[in-house]
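Each chain gets a letter, A, B, C and D, in the order it is written, and its residues are counted from 1.
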Amino acid sequence: MAGELELRLRDRLAKLRGLHLPGSSVSDEVRRIEQQIEVMETGDERSEDEIWNSVELARHPERPYTLDYIERLISDWFELHGDRARMDDPAIVSGLGSFAGRTVAVIGHQKGRGDAVKRVKRNFGMANPEGYRKAMRVMAIADRHGFPVITLVDTPGAYPGVAAEQHGQGGALAASQATMARLLVPTVACVIGEGGSGGAVAFALADRVLMQQHAIYSVISPEGCATILWRDAGQARKAAAAFKPDAAHCLELGVIDGIIPEPEGGAHTDFDAAAIMLGQSVRSALEELGQVDAGELRRRRRARFRSIGVVSS
Amino acid sequence: MASRIDVSIEHKHAPPDPSGSKKHPNTCPKCSSHYREDELISNLRVCAQCGYHFPVGALERIQQLLDSDSFIEEAKELRSADPLSFFDLRSYKERIAEAELKTGLGDALLMGQAKIEDQDCQLTVMDFSFMGGSMGSVVGEKFARACERAIERNVPLVSVNASGGARMQEGIFSLMQVPKTVCAVENMHDARVPFINVLTHPTTAGLLASFATLGDVTIAEPGTLMCFTGPRVVQQTVREDLPDDFGRAEANYRFGHLDAIVQRQELRAVLGKLLRLFNHGR
Amino acid sequence: MAGELELRLRDRLAKLRGLHLPGSSVSDEVRRIEQQIEVMETGDERSEDEIWNSVELARHPERPYTLDYIERLISDWFELHGDRARMDDPAIVSGLGSFAGRTVAVIGHQKGRGDAVKRVKRNFGMANPEGYRKAMRVMAIADRHGFPVITLVDTPGAYPGVAAEQHGQGGALAASQATMARLLVPTVACVIGEGGSGGAVAFALADRVLMQQHAIYSVISPEGCATILWRDAGQARKAAAAFKPDAAHCLELGVIDGIIPEPEGGAHTDFDAAAIMLGQSVRSALEELGQVDAGELRRRRRARFRSIGVVSS
Amino acid sequence: MASRIDVSIEHKHAPPDPSGSKKHPNTCPKCSSHYREDELISNLRVCAQCGYHFPVGALERIQQLLDSDSFIEEAKELRSADPLSFFDLRSYKERIAEAELKTGLGDALLMGQAKIEDQDCQLTVMDFSFMGGSMGSVVGEKFARACERAIERNVPLVSVNASGGARMQEGIFSLMQVPKTVCAVENMHDARVPFINVLTHPTTAGLLASFATLGDVTIAEPGTLMCFTGPRVVQQTVREDLPDDFGRAEANYRFGHLDAIVQRQELRAVLGKLLRLFNHGR
């Protein structure tokens, strides 16, 4: 697979290097492509076992969740609640806090850990439209006051409920992305567990999209895919191997900008170490982004997503 | 290499059939009236008996809506590149070729310059019969280019949608068309270029989570299924009977998600009016 | 009453005339104050009967409503529905249309006329928060595309229901005003019937606020006032005389910018004539406002409301 | 001249009493515990037994929240001008004079410079015992000036609210304080000056429809009634029993209208934290 894509990327790289545009927007792009090619050259194909290992770790019931990272990385945390219209969706956590010496907004999906009651309370991290509307409200506050936005993506997907549909799930997911596309503050998205389809991408239209080493990011869950392909959710492992939702694959395809390492054995083995690694990646991304003028930041953010996809003619 | 997957994924894209049974395409699934092809075409594929709206292909839609000979297709040459070398029952490339043959289209979305009631616009039209109108890189790219062309030409964009969602054969790239098209729309919004969305049956999943809900005005044909998650999956989740018109345009109108439900016979006139309004404001 | 206020106004007028600020924003204000003083000098005090006559006409069941004016004044009307979250509130009508040769957005409260079913359908013109959210959505479209916004105010007040409170009635009323305060397009508000308290003011933060001759505008309904003052809604007539919600009084106090004449006997006697008079007033207001730069328009709009109120020190 | 109205309108502003009966102000209406004045003051007027939050006057609130001696009052001289020469049982002027005597305040809102946990801010504090915290021209004017001062000084505005709504004695002028304060807030938003709203029992009607819902952050004390229309009027309209906590902070939190419910004992620390966060972002 890498063959054709690598040629394509090398071609694009040559073209970009030939351009002499003002500003450094091209050099960002160049670096991203170089990184992709590097991954292709050094990365061995990951086996079905390895990919499935990541799927299992990404959904490990003891994996650290959004609030675990907030607790370890953010001081003066103040959670903001409610969509100002209907409810406060507990599947999404949002708020302000201090990170690396400055105020940031953090928004993330939140799964419940432990018994069924706790997991149900957080609706397994599957948000309703009201949750995305709460997030947009917090993004607007961050934008007004110049706070960078950090999103932590960890959801099987947007909640497939009756009320969710009636209250405009699709529109809310689109509006959340549109809001992120309009922000004039630096934005970093980290997929920290399951990056499930529209529910994930609603928080991932960011200047930098990072994935933890064992996180997954895909258009459909392995089970959903298997159900469609074989009408058998049990074939999820095979489906995952086909769709490869793992971080290495996403980086190879240029969909994400970097991989955040996890402690040996996965993030759940050492919350503190995982948080430190996550914090370092986010911090250096924010430092880079802090150099860029707000309007240019937004222009590049949109251009980045505009460029993803492979077509021929 | 992607594993070779030997089962068809086509049924995902089968258009929901109210009766559930397999009938002749020119037989009304609602009232069983049967029509000759020329009858159906001249009635804009609306059942004269009960008003049921049959699916309309992209080329026929252009005939129905546009001033004659006003369509100048753009980005016609774009084709899927099969980035994952995907293979289920057949290869993705084979499926694309088959869909091209069947529909005469290069992909599920047609794009170009158009006139409706003498008003200039940029137009995108989707065709559900091309792999369920699914959005892969080509659909995303063409839609993004349509936004850019609308900005360049300073004319409104009219988008006629019909899609089952993401094109799974392109994996994560298909998901990425969602933020990609959102970015394209936001550029258009910044340029104050009007954007009118027409949802036709079905417009679901990835399309609803991207450009199909971001228009200045959003209208739908009667009966259009427009939900992020399909009724079957929702039912499996909630394990209870869904409301009769769950996810349909009529329910979405009640719940505040649509500006209007427009009969196909009135669609051209309504679009003409909207284009006049948006053009006179400028 | 006019005595003290008139002195105050003359003082302010003298001060304003002494200022030589760039632009014509002062001259607007001067004209407004001159108009107020003129009303005070020529206008006899209106009697209790006259005021109650306006109250009755403002709520006359045959009085023209928002859609009656739209039908007569707006061509190519296209109604926009829904708040994109929960519902389409029929107590508020909003849409785009052509007025005096250009596209405008029209937003108004809508009462039902005729039998109980029709009146209930429109909830007697008492909107839920969702109605105000629909209106804000339409304002945003108008703002993006440069369409002037015309609001038609005709409500006994925001709906005092359980769900209305649960879904944030107060916040929606505030947000609607905030949205109007942010618009960069010309805005004209016309009180065409009952201008009831918060529900009315939500649509009245405009560059020009006009009242029809027999419309009323007040902080509380005559019945509500009477209930509070005498615990007897039957004393409404007396309450109206005390609070004077009539147009002449509002103009005298500088709360509105002008009075739109009605046909002899009230707007309900001749819908067409009433619409022509309304249309002329709105048209000339829009023509005036069209001369002003968008940022300056917004600055003046806020300054206008900032200046209302009487304090001593 | 306004007609002379000979019945008191004060009962509109009576603070809702959970038990409905008339008790000594230092007796907890929830659990009937009785406290000496100094006990109550030292416990921030929170019932040590059951946690009920007694009302707090503006001056005492300043003592509770601010760094000592940090408050510099501004616009202290503003007084109502009685534009309608209003008279019910007594004249409006007489009522104002009485309220001034009773509370030691010039009107229902105090405004000035302040420090909380060493963070500079502009502060407004309302006092419900001054004519039910009703908003007339003076409250509107002082609040608008507070916004302007916060912009000039480039410090956050903290607004501690308690109000029954409009001051009816000022007629339409009282209604006009609603858009007036909204405009002041929007100027502040444009200047990117942080705005923190604290709702205390009760914050209703005109206040909710204006600045009290427009903060960057909105918090409330437990039990705060915060509704646009009061429970009695809603009940008369819907003619059915209302939920127990109808319109209270607890219900509003569930329905998504509050960022947090904060116990009075934690209020100073929470405001200090929020001010730090907003100041460090800038």
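Following the convention adopted for this analysis, a contact is a pair of C-beta atoms (placed from the backbone, for glycine too) under 8 Å apart; a residue touches a chain by one contact, two chains touch by 3 or more.
Note that the structure is predicted; figures quoted are calculated from it, not measured.
Chains that count as touching both chain A and chain B, per the definition above, are C.
Of all chains, the one whose mean C-alpha position sits at the greatest distance from that of chain A is C. Look at where the CA atoms of chain B average out and do the same for chain C: the two points lie 42 Å apart. Averaging C-alpha coordinates per chain places the centre of chain A 47 Å away from that of chain C. Chain C and chain D have CA centres that are 28 Å apart.
Shared interface positions of chain C, i.e. residues touching 2 or more other chains, are given as 84-86, 167-168, 171. Among all residues of chain D, those that touch two or more other chains are 213, 255-257.
Shown here, the protein chains touch in an arrangement that is not a line, ring, star or fully connected set. Touching pairs of chains, sorted by label, consist of A-B, A-C, A-D, B-C, C-D. Chain B meets chain C in the complex at residues 189, 192, 194, 213, 216-217, 253-260, 270, 273-274, 276-278, 280-282.
Those residues of chain B that touch chain A in the shared complex are 1-3, 5, 7, 9, 11-12, 77-81, 83-86, 88, 136-138, 140-141, 144, 166, 168, 170-180, 182-187, 204-214, 226-229, 233-234, 237-238, 242-243, 246-247, 251, 255-257. Residue ranges of chain C in contact with chain B, taken from their complex: 76, 78-88, 96-98, 101-103, 130, 134, 141, 144-147. Residues 1, 4-5, 45, 48, 158, 160-162, 164-171, 173-175, 177-178, 181-182, 197-198, 201-202, 204-205, 217-220, 225, 228-231, 238-239, 241-245, 249-250, 253, 255, 301-303, 305-306, 308-313 of chain C are the ones that touch chain D when the two sit in their complex.
Those residues of chain A that touch chain C in the shared complex are 84-86, 129, 133, 167-168, 171-172, 175.
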